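Going by the order they are written in, the chains are A, B and C; count residues from 1 in each one.
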Amino acid sequence: MALRTARNLAYCLNSIRNYSTNGPLVNVTVNEKSGFATVTLQNPPVNSMNLELLTEISHTLQQLEKNKCRGLILTSASNKVFSAGIDIFELHKPNSDRISQTWSFVQEIWIRLYGSAYPTVAVINGHATAGGCLLTLASEYRIMLNKFTIGLNETQVGLTPPTWLIDAMKNTIGGKQTEFALTAGTLFETEEALKIGLVDEVAQSKHDAIEKAEKFLNKFKRIPPHARSITKAKLRGANIQAV
Amino acid sequence: MALRTARNLAYCLNSIRNYSTNGPLVNVTVNEKSGFATVTLQNPPVNSMNLELLTEISHTLQQLEKNKCRGLILTSASNKVFSAGIDIFELHKPNSDRISQTWSFVQEIWIRLYGSAYPTVAVINGHATAGGCLLTLASEYRIMLNKFTIGLNETQVGLTPPTWLIDAMKNTIGGKQTEFALTAGTLFETEEALKIGLVDEVAQSKHDAIEKAEKFLNKFKRIPPHARSITKAKLRGANIQAV
Amino acid sequence: MALRTARNLAYCLNSIRNYSTNGPLVNVTVNEKSGFATVTLQNPPVNSMNLELLTEISHTLQQLEKNKCRGLILTSASNKVFSAGIDIFELHKPNSDRISQTWSFVQEIWIRLYGSAYPTVAVINGHATAGGCLLTLASEYRIMLNKFTIGLNETQVGLTPPTWLIDAMKNTIGGKQTEFALTAGTLFETEEALKIGLVDEVAQSKHDAIEKAEKFLNKFKRIPPHARSITKAKLRGANIQAV
């Protein structure tokens, strides 16, 4: 996987046309004109984050860093589910190695995505629950299609989100809304999510969402990347230290 | 008092009918169907928090913890004043033991109520000033009747709220509104309080407010209490450590 | 300069009529009735914060403290620019003494203004960019005239704001809006700034703005200054410690 992704991303800054590969679980396409990478999760049916998908996401983010991409659009191949979160079977398996590996990857992905030097947008074209919502909170901007749900519903199944994720949600929607959302494990419909600020924009279709995502990323076209990434590190650093 | 309260609360989870006692300063009623306790402050005329009332509130919260109640509705027997806060005479008395005892109880009540495992609602059926507002900020949800005022007006009388209370207000209404409110010691009318988020809902009558409070508490009916209380501890823990 | 300012401010509490001097870079007028000082920056054409202006601002704030003024209105003599921020030539000069002196003054001004005992208002009667915006964020209340821009646009020129300034912006407009604003170095038009809470009120003219500023300061007329300043220190202290 690492090799395949590396090859894709070599095109990030210097390819002469759009490039696309269909990998097993994560597809990466780079627009050679803009330098924006579209990372599509494709682990049917619900992009369950098992160890294999987590490994591929982690390697993809590493390659994006190395290749100094100019922006990331994170989305799903499914038209129903963005991601249903961490595969519950990974956490229930008797093999404790797999459990600790799973959790290590979740933390590493958080640190890489939440702290990425390049700007990031989640195009939420399906339900984004638990770990799926985590991926969107790690992004800088969230664009969601209508009639889906989003939220950290951990308490509903007897679990509790990590403190660093709670703090990122507080940063996004404020303290009180975070308390309401997390103690009840609320899943918000698109319009409610927009209202409380859990998503930033609503799109009518995936195509519309991708256009809006590129518009967001284009805001940074003339910002010196070094200044942008240091500023982002100052904004999000404390939360990354806490992981 | 402790004994009486304990007896009341034994009914919290296993009573076969509603139970009610009229104690001297705090009345506790448990709805056997829902498991929700209604705690009514009854220290006329303004529910002044003297050492006696504070002692009763503290013991009540201890009993609620022990009896694993499913939810708390905190309200006033008066139809004009929720609570006017700490009895100023306790703080002005030459007896320094009483002053330090008073303040210890306020801190203890904050820790128990703000950090309670069970969900909490304040039904604000009268003015809630200073320590009265503190009790509502310690709750998870605030429902207020029209034409009353709420706020931490300490600076108006030459005092200043403790840092942990300031932080809880920031968490509720944000940094800027907290600065405006606390430097001026502002008392907000119901509609203003709703607008800045100091209260969450407005009710037309106490009956209406109690119904709304039960609706809020019912949100948690199917949430595993253990996951809920750990999540709440993660959300509010730092603020409790700081007391 | 110090002497001149000291002489002005001696009138702060006990002068019998309005007093005004025209100094080289900072003009101070004290309204003897209200006790409010109006501090006007007058370093044409854009109130560039070079070492000389910074020195005068710092001394002015010291004198205001000493003379226990009742309130500060900070504004510009220009009708186009509030302040364009730190003079970029100070930061590019080969003389490192001047660079470190400049930065020391910026920090000292932040500590004095952000942490001032007396209430403060910025009357933003022109563009307020970078260090200009910093002065307004250090104030307690922001009143802005139409058709100007405000913001921390450091990243646009390859720089990055200090963490304590980022935290003050978070406190003012919340975490998410701060991320959007700072990673893109956004300059907000008056109406947008009002919408996200970066300014608190819009005025139709400088005269209108001054009236609104006095109205804000008058809110504190009957608040014991000691309680107000301790409360403010509790609200803003952590951010000052971090400088």
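Here is the rule we use: a contact is a pair of C-beta atoms (placed from the backbone, for glycine too) under 8 Å apart; a residue touches a chain by one contact, two chains touch by 3 or more.
Because the structure is predicted, anything quoted here is derived from the model rather than measured.
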When chain B is superposed on chain C by its C-alpha atoms, the rotation angle in degrees, nearest 5: 120
Homomeric contact chain A-chain B: same or different residue positions, threshold half: different
Chain A and chain B: spacing of chain centres that average the CA atoms, whole Å: 39
Of all residues in chain C, the ones touching two or more other chains: 174
Chain B residues within the chain A interface of the complex: 119, 140, 170-174, 197, 219-220, 222-224, 226-228, 230-232, 234-236
Chain C residues touching chain A - in the complex, by the definition given at the top: 154-161, 163, 166, 174-176, 178-180, 182-185
